[in-house]
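Here it is, the structure, as structure tokens.
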Amino acid sequence: MNRVDGRKNSDMRSVKITRNINKHAEGSVLIEVGDTKVICTATVEERLPSWRKMEGKGGWLTAEYGMLPRSTGQRMMRDAMRGRQNGRSLEIQRLIGRALRSVTDLQALGDYTVTLDCDVIQADGGTRTASITGAFVALADAMHNLVLKGKLEKMPLRDLVAATSVGRVNGELVLDLCYSEDSTAEVDMNIVMTGSGRFVEIQGTGEEASFSRDETSQLLDLAELGIRQLVEYQKSILGTLTDGIGGPR
Amino acid sequence: MNRVDGRKNSDMRSVKITRNINKHAEGSVLIEVGDTKVICTATVEERLPSWRKMEGKGGWLTAEYGMLPRSTGQRMMRDAMRGRQNGRSLEIQRLIGRALRSVTDLQALGDYTVTLDCDVIQADGGTRTASITGAFVALADAMHNLVLKGKLEKMPLRDLVAATSVGRVNGELVLDLCYSEDSTAEVDMNIVMTGSGRFVEIQGTGEEASFSRDETSQLLDLAELGIRQLVEYQKSILGTLTDGIGGPR
Amino acid sequence: MNRVDGRKNSDMRSVKITRNINKHAEGSVLIEVGDTKVICTATVEERLPSWRKMEGKGGWLTAEYGMLPRSTGQRMMRDAMRGRQNGRSLEIQRLIGRALRSVTDLQALGDYTVTLDCDVIQADGGTRTASITGAFVALADAMHNLVLKGKLEKMPLRDLVAATSVGRVNGELVLDLCYSEDSTAEVDMNIVMTGSGRFVEIQGTGEEASFSRDETSQLLDLAELGIRQLVEYQKSILGTLTDGIGGPR
Amino acid sequence: MNRVDGRKNSDMRSVKITRNINKHAEGSVLIEVGDTKVICTATVEERLPSWRKMEGKGGWLTAEYGMLPRSTGQRMMRDAMRGRQNGRSLEIQRLIGRALRSVTDLQALGDYTVTLDCDVIQADGGTRTASITGAFVALADAMHNLVLKGKLEKMPLRDLVAATSVGRVNGELVLDLCYSEDSTAEVDMNIVMTGSGRFVEIQGTGEEASFSRDETSQLLDLAELGIRQLVEYQKSILGTLTDGIGGPR
Amino acid sequence: MNRVDGRKNSDMRSVKITRNINKHAEGSVLIEVGDTKVICTATVEERLPSWRKMEGKGGWLTAEYGMLPRSTGQRMMRDAMRGRQNGRSLEIQRLIGRALRSVTDLQALGDYTVTLDCDVIQADGGTRTASITGAFVALADAMHNLVLKGKLEKMPLRDLVAATSVGRVNGELVLDLCYSEDSTAEVDMNIVMTGSGRFVEIQGTGEEASFSRDETSQLLDLAELGIRQLVEYQKSILGTLTDGIGGPR
Amino acid sequence: MNRVDGRKNSDMRSVKITRNINKHAEGSVLIEVGDTKVICTATVEERLPSWRKMEGKGGWLTAEYGMLPRSTGQRMMRDAMRGRQNGRSLEIQRLIGRALRSVTDLQALGDYTVTLDCDVIQADGGTRTASITGAFVALADAMHNLVLKGKLEKMPLRDLVAATSVGRVNGELVLDLCYSEDSTAEVDMNIVMTGSGRFVEIQGTGEEASFSRDETSQLLDLAELGIRQLVEYQKSILGTLTDGIGGPR
């Protein structure tokens, strides 16, 4: 069976990350995964939330996620007009934050809070996984910035992290679903992995459907295949900034 | 290593489901999993959300989740005073809804909307998985009610569904985490399975940690062990209401 | 005339208070008045609102009231989804707070804030008066707890307090209205009294009706009759905790 | 004992009602009770809330209450900035609505909704009772307007209604409390009565205090004394508009 | 062509300012411009917003604007019920604040914050310009109050300020538009000027229309004509309070 | 005096408009004015707000404005988290809507609503005027789209529209202020003009300052100079789409 855009089941869409696209932010990228486009900015502030300060476990990292009203086929109501973020946005930004904290040495981050804003400019499926993959690069740039300014001695990163989606569409197991696949998928799984090949997050869902243990195993294989490519791309872009993390380059 | 409450790593806490605890609701249970107590009510209304009516795909099922302010060790601010549900509540109620829709024949549900309210009276870890396990029983009772009144010809259920948590705590893989385990877990995984042993949802998270493919496999084994017990308990309670679904009794 | 549940006009419904139903709260009860069921928890925190600290008049006591969505015959929208508490809830929790402050020695409560959460599990009329009657017991337990831990020298209570409703239904004056009576009452009166038989609150309302001075007098008689029974029951439950308050035992 | 403004315990403050102070509203008054000033407008709209239309019991009457930010000694935050009405405002506007509905023949009001807006321009105690007394006059004018235009055959009023406060201040029972009395009162009671001398609402509260049966009786006497004067004043102002209601003129 | 109320194109409506209409506020006026009536109160508080304190540039002045629900021909929903101020109100109160800050010596205002509340009692066009003209008088009174109490050495005012509207209605350029003119105007311009004849704000808008350079010039002439009269009236009212500012008296 | 970026007082920054940057929207551009970057999308929907439908005056056009959290030097709180749009955003989006409606033939737009979303990706002063200039191009593309599909017979545009800012900075009158100029400007004026050289909007403000009639005249000259260049650029981009409007090409 052919996929809607002619890809093979185990093909990723083309990925492109453009760095330094915002002159104000400490780190910023535009990530494009097929037609999905997300701006990720990393803001570094020398302050901590009071609850974090009391914990005494070092810095903090948090994420926020939003979509421009016309990033989608049908225009959505602006979150600010509805008076709150919707449940989906909250769920996604919690995921992005957890994913990036899993590879960050918060203790070494000291008194800094990093906020990763992931804003979807154009959506075509996989906006949350693209956000994670792009936000990691923005984060690395922001941290490198702190090192260059002498505010941190070394990069407070323990590994790289990237993410993609896999799923069952029309009975076929496929990698990196675009929107038209995602909206008809029987099973949808978002996977976050480190550069060392360990899982950070597995979120598999059967909407009005279920899946077997064997399918789970094959989907995890597909995801690993895709994420290895994403991590290689992140390394090629970041160069020496990833030295010493995420396994041999 | 001994667990905090003396259980073996593969032991569930004791589970008790009390039916018909609310005289108004079409279905209602109190589920107790160790010290976690959740009231689940199923409300049946003969109306559909307008978007669902337009889809023409039958009935609808949705869930809401809340915690009493002092269900937890520290009193929490009442959601209604904060002016909105928090992100965690929204995420959990979306999960409960998806889990129960996965075993419901919405087409057969006709013009009815079922709302499952899961309200935590006392929390000690695993409130979302207890909600799913309990809500299924409330749902079955509510549907049976529709059949008894002649409004539906047969139970619009395709299978049973139950859920539990597994995780890595102090390096050990354990089943059914209580709060003190959950709050120190390196890896936390919530698993939803049908009576037939198929996955509906896998949500595995490493907060500031990661996990291997092999650990994933062992955790899924543990979860399956626990959920089979939960499903057996559901069947024993519901009796003939589960005839023909969820495999041989 | 017979009442809907066969009671005489001056009969209360059966009342049952179960203590210590929540392992986290400093005081907690389930109060059942007929089919009305309310969970009351008392939370003690060693902090004061800033405005209260400035007043320098001792501790503070406040109450919050909520209803589970399906505590009623028709499911209600969850307060948290509407984005605010409704006017009725706010009015009731202000009443509960005033009632309990009237018998509390706030000066003696020192630097503590007590929050009484009254959450209706099942409603059948009289939820606000049941909340007051039950919350007093939870409060006494929480205060006894402070004494046992040596944080307070003696119970900061000056009296007991309980409440019931009276009204005119189909021209008859009746005590302790259930929901079907309440919804058709011409006059509805909620009365809060101390153990010494003094009024704390009289809230009499004629919805699209009015009432005479003579009826007022008879309704206050009925209420006093009922509240005396409630206070006796509170005393029998609390035992020595009520020594020295509320008149001779 | 002398009251702060030299009145005797059974003296009302001077009352003045100015009609037609708003050129847009169907009925409008400025009521001044001592230094308390409230603008009451009655808006008539030919529409019904959908729930009321379904009831099929005639028209509807509702009230809203607000305070200008600097109507009080200390400037208050504007309700609109806080994002909601506070609990006190909601409680008061529910009271005003009930009071006026008690003397209105809603069935005869047909398809009309009347909204009474009571906005406090300057507060010095008793704003809720002044609102009721003034709103009745605005309501009568608005209804007369409907009769004059031929939209209603006769005034849909069954009686007059007015309100005042009584209380115990420094151990003395007094009528019509001003702010400095209200803020130190041991007992505070708001009474709403019809022109025929029947009660519509009794709201007696002991804030950190209690009151006896005998005091209750004396306070009701005082209130009746005051309200009779208010009703006489309303009659003198409204003239023939009150013919046939509220007893002989 | 005749205007709806018989005025010539260059005629203002009659203006009346009544001072000290609120016993609580440090300054207060009722301003009437034709049928437009606005209550302006000035509240002085000895505190600064934290961001202003950090700037170290002296005191602060801010404004808030509201409309009573029935100040308009059709009753409007109360801002507090909608849960927020509408865009128009926010825009207007920002304008009023800027206008009054432009003539205030904030440095000399020291540690005080002045809040100007402009509440529309009855609207007939030009409520924002009437608010500015009236608020200046309330502000001057409040500042004089600070001088009289010895809290400030001299009036922290650099000039007077007043405002009016001009516009093109049915092709004619007119001064001081009433509501029926405003609602059909092709061009609507609000002008704020100081007593010295300098502009503080020019807000000209063509709703579904445009205007030429030449019309702009004529409209500014008309506005200046009107504002000079308003400033003369302010001076005549305030007397010696305006000595030394706004040019010769 | 030299400007911060070396421009002469009457120089604009470089302007670049890139069309069709969003695959979903009916019209979309990225406009860059110096370092200010705004994405403008035009969404066409075949529906009307109910109030507009009742007016029977044809279609409707509205605008919304937002800023990404890190579009500015200091990260701003996300509007959606604050629970509402701030006053500045509301004021700006009302301005954008009015500006574009002034050149649109709403009658000819029939049953369509056009929504212009202007989202600031990077801010460096002049975001509201860049939004207007860019949104016009997105609007023209969206309308051309309706013509190409045969849904409209001809472009419902009467003219072009563009905008820029002028102001007094350090005593000098300058065109097209960047952020560092804007934040220290004594006078700030935003001007919207049509292609025919007529004003649509003049918004001149002296923050803690004022300005003379003569300065007003010179500022309008400067603005006209800049806007003529913007309109020429719009025409060069849109080509035949602007035939017949905005004067000779």
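When the chains are written out, they are named A, B, C, D, E and F in that same order, and each has its own residue count from 1.
Assume contacts are C-beta pairs under 8 Å (C-beta built on N, C-alpha and C of every residue); 3 or more make two chains touch, one makes a residue touch a chain.
As the structure is a prediction and not an experimental result, all values here were calculated from the model.
Touching chain B and chain E together: no chain. Among the remaining chains, the Cα-based centre furthest from that of chain F is the centre of C. In summary, the interface at A-B recurs among the listed pairs D-E, A-F or E-F; the equivalent pair, sharing over half of its contacts by residue number, is E-F. Averaging C-alpha coordinates per chain places the centre of chain C 28 Å away from that of chain D.
Chain A and chain D have Cα centroids separated by 60 Å. A separation of 34 Å divides the Cα centre of chain B from that of chain C. In chain D, the residues that reach two or more other chains under the touch definition are 83-85. In terms of inter-chain touching, the protein chains here make up one closed cycle, each touching precisely two others. Within the complex formed with chain B, the chain C residues making contact are 22-25, 28, 35, 39, 41, 43, 45, 64, 66, 68-73, 75, 78-85, 89, 115, 117, 119, 121-122.
On the side of chain F, the complex with chain E involves touching residues 84-85, 87-88, 90-91, 93-94, 98, 101-102, 106, 159, 189, 194, 196, 198-213, 216, 220.
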